[in-house]
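Presented below are the structures under discussion, each in the form of structure tokens.
In the two complexes below, chain A is the common chain; its partner is chain B in one and chain C in the other.
And then the complex of A and B:
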């Protein structure tokens, strides 16, 4: 196990270097000059030159990349060009929002998906199954900004239960503020889980060992939760892991609709501003997270299915 | 408690004239409402369309805002409108601009200039920073020197390039000497970058830290700033206009999504929301208890034409494009009528001449001009637009249809905004480009800055990427700058406006409006054309 973890960590290094280099090159290849953006429309060439010098943008690209890598090794990502604060600090506060949101959304989506998947699989091709499928198609197909706005209209404007947007203050406030966005993400994520889980359960239900369990007269509840679910869940875990990795940076729309200061909107702002240090650091953070989530998924496999040896 | 007390006090406040230069009975600090109140004259006396009712103290104003307060609140640095508009609540300049096109006293209660316009003497009022320290002549000298230093003030030092030297005459008098006559000088002193900052504090904590902990002499001071979320301001207890501000707190909430801003203000979580989408104004006006304010701005929208790209060097073609543009129709269909058809390549600043005739929509005239031009059979025009701006893209679609009628085959190329503007200014963009009107806005109320940037090939932006170059116009700009008589200046700028409109370096579309939803209980709220809001005057009813 220890050796496995070490091997995976070593394997991740070239992946991360590759990601950071690609991000660095791509953003520098895209036209657009951070100095000009910072200075605004009235940027005189003299001011642009002064700022290039002050920001270190006049140095050759390989030097800039080396500086970035040396810093990154020491967890030093420099200062955001547009926001004038340390990139580490900037990402830290925003990561909290995104992580909390993703955690709540994941929990919600599991809460929604698992019972529905079980219900649908057990009553396959019956009205229950059809209506569940229709529901999931509906929430999955609906653009998240629209779903978010509808939820705000209903829960905030009509019922006045929850704030329309923002991050609230204090931990309780954060949780309250995140309910609607988490529900929006959860409703997007749930159908994906539901589909894979439903198929998994149907497959498992047809296996001989379940047949055997039934024959032995085990309680139905026990069969479903202990034997069926545990054995059907592996593909769903993979799908969930992949989606969480994607959503780390992919929550821009939700963050915008709910005015949440998360990582996704930060990435979009940083790209718009050509804020190189922030973009590079964020890419690296996303890279590390995806690698870590994949690793976690693999570890979860071996827990769920002891036949999987690490 | 405070509220009840101030209502009682409020009754005794009478509006008497001669406001702006009124000396405050300095020294005494207005910790709460029992401060200046009774004996003080009300500032707003000069305004004619005042809402009836006497301002009362108290109330928290929550403002759902499209922009974040970033990067910090230091007037020297590289602020965005997100931070500048908040800084205007915290800092004072020697002189101020308001909703009109004049300069008003700020920290200088009065000033005079020598006959030749080279020496400007400012008489400072008794004022204190929010830390209780007095605003001294030393602070003023140092602040203006920072403003004028291109190494420190990278972005706006060009507005102060005429300054030779700042002298302290006595503790309450400062004289600024100029290298040359600079007519817009006084107006440029009202720009945010010329804010008076406490020298001691900045030197002690440094420029970077100052951006997080600003200290100014303006009506408000910073209570808390959470990047990406919200910024709250509370009254500066040492503010020199002893009655103001009225609000107990202002909370700017960063709400980037326009629909969410609308919901925020509809639900009552916010009392003010800016940048209301054009298509939601009507619906908001129908809602109870709020109204959308439509106000003039110094922003405008144009299709810029790069005249180094053939066949756009042909003036007739550029004029034909102007005639073939149905501005009224675009204004109605895309912008729901919120705007004004433009008669100028630059915005409605101080010397804008309303009598100049805009290009009418006249296809016959456009066809005639095309027939006389170098491309009587038409040509292909590459038009760059920011892909993420629906209103701009819709405008481009209409132009494509309309210009096809005179044989101009428009190829719309969507681009990311930053990439578009950078490439365009450097002449590496398409033949024509347009972008969000909010991308064009003036920092000053005189025309010198913007007219220079848009029409002067030597100002560094290649006439905003149009490569327009008329030596006569360039010479007139210099002349305007060196002319002190405002009537003569108006004459020159009017002539520039007319010449440039004829020569058509761009297809001017509209002067844009600011759309701000404001709850009824919020009184005396307005948006200045330059972009910010005089929040010191705002008060809340009930």
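And then the complex of A and C:
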């Protein structure tokens, strides 16, 4: 286990370097001088020089990269250009929303996908299976922001059950505010989960030990819950891990639909304001999160399925 | 497993009945696949025709305002209603479709060609080139794709150009990964060894011999990509970082309708549903193609 863990961690290093390089180079790839763009054409040379110094652009490139990495390790990314606060602190306060939303969305998508996958697998190529396939196709083609708006229209504006936007106050208020956004992302993720689960369940149903369980006369329900679903945990974890990037992409858009103060809406605002330090930091954070979660998935996977470690 | 092998395993007359049933089901599935493909092509063709032949079909200026006729619900005169500035929404959807459809097709083709070439060459050659391409692909894929595209938009500034560069820059990596994986398998096959023995050049082997076998999975994938790319452009425009107003684009049209959602549901919803319709159209085509390619593996493959 230790050796496997180490090997996977070492494999992640080049990717992490690539991610940090991409985030670092971002500001240097902007055509023209970022300081001039930010300050406008009338800026005095002195103001430009000051901003250069603040952004660290006056130093040689390798030094800048080294500073960027050292700062990132300490979660220091300089000061936000649009909000007079440290970028690290800004991200810290906003990460809570995104994390909570991520967890709720994952839970909801599992709640939606598992029963549907069982239904589809048990009645393969029957109307139930076909309609679930059609549902998958529908949500796949549905822009996430449209789905969010339709849910707002129905549950918030017509039925007035839930808030239309914002983060609410207090933990209960937060949870209430996150139901619709989480449902949107969950519905968006569910078809992907559903497809893998369905195939997994169909495969498991064909195995000998299920036939043996059947031959022993175990109740169908018991077989499904105790034997089949237990074996679907591994593919579910893997699919969730593999699609974490997809999931985070969804969150970025949905946070904007529901005006949630998370990392995704911050990224879009920062791009609008040309707040380069914030954009760089968020790009790094998103990239590193995906790598970290993929690594975690692998570890969990090897824990659940000892064969992988061999 | 072929039908006969399965019959053998099942053995005897009972097995034959099972085989007959499986054959019938396979035939049904094939017919279904054909229907899916046709329906998909019909949807996409009709929408594309209306969008690109818009002036001939009597759709006038999509930016024509009529403040007195603002926010009118769908009617015979305005099938999709009018927006807050009294512009005909159907006209805007139709002209917006030109941007979205062109974008989806061009970005998909560009990423397909670029990614497949890079991946196939890297996979065939191996060595430092392969290592480099692999690292690059890993890095691009590590980002949530929206974040990567937004990073590109930071560099280019908001607009259609940034969307084109961003989407191609992120999706070539997926094709490269697929082509490389397929090439690693193909490279060891006998026909490649035969071609090598005959002294053919690397270029000829890669492009004329291996590539046609490598791209199958990518072709199926590209249909899903078209849908994704429409969603990406409309998401970007929805966020205000893609196509800029007043130019009509499907995602931007949805965003324009968000403020009047309660009183005038049609402004955001109807353009959105057009995205869904086109997406389903391309998905159906993709399913149809996948089924056709998968025929070798189907139960009736031996016939």
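FYI, the second predicted complex is superposed on the first by the 246 of 310 C-alpha atoms of A that agree within 3 Å, B and C clash if a C-alpha of one lies under 4 Å from a C-alpha of the other, contacts with A are read in each partner's own complex, and residues count from 1 in each chain.
Just so we're on the same page, a residue touches a chain if its C-beta (ideal position, glycine included) is under 8 Å from a C-beta of that chain, and two chains touch if they have at least 3 such contacts.
Note that this is a predicted model, so its numbers are computed, not measured.
Legend: residue contacts after superposition of the two complexes on their common chain; A:149 is shown touching both chain B and chain C. Applying the stated contact rule after C-alpha superposition, one finds that A:4 touches neither chain B nor chain C. By the touch criterion defined above, A:39 lies against chain B but remains apart from chain C after alignment on the C-alpha atoms of chain A. Legend: residue contacts after superposition of the two complexes on their common chain; A:157 is shown touching both chain B and chain C.
Look at A:272: by the touch rule set out above, it reaches both chain B and chain C. Of the two partner chains placed by superposition, only chain C is touched by A:246; chain B is not. When both complexes are overlaid on chain A, the residue A:256 reaches chain B and chain C alike.
When the shared chain is aligned, chain C comes close enough to touch A:29, but chain B does not. By the touch criterion defined above, A:14 lies against chain C but remains apart from chain B after alignment on the C-alpha atoms of chain A. In the superposition on chain A, the residues of chain A contacted by chain B and by chain C overlap at 30-31, 145, 149, 152-153, 157, 256, 272, 274. Chain B contributes residues 70-72, 77-78, 80, 150-151, 154-155, 157-158, 208, 211, 226-230, 253-257, 259-260, 263-264, 266-267, 269, 416-419, 421-423, 425, 428, 439-441, 443, 449, 453, 459-461, 464 to its touches with chain A in the complex.
Within the complex, the chain A residues that touch chain C are 14-15, 18-19, 21-23, 26, 29-31, 125, 137-138, 140-146, 149-150, 152-153, 157, 244-249, 252-253, 256, 267-268, 271-272, 274, 276, 279, 282-283, 286-287, 290-291. Put simply, chain C touches chain A in their complex at residues 25, 29, 135-136, 138-139, 141-147, 150-151, 153-155, 158, 224, 227, 231, 234-235, 238-241, 251, 254-255, 258, 261-262, 265, 268-269, 272-273, 275-280, 282-284. Chain A contributes residues 30-33, 36-47, 50-51, 54, 80, 82-85, 90, 93-94, 145, 149, 152-153, 156-157, 160, 163-167, 256-259, 261, 265-266, 272-274 to its touches with chain B in the complex.
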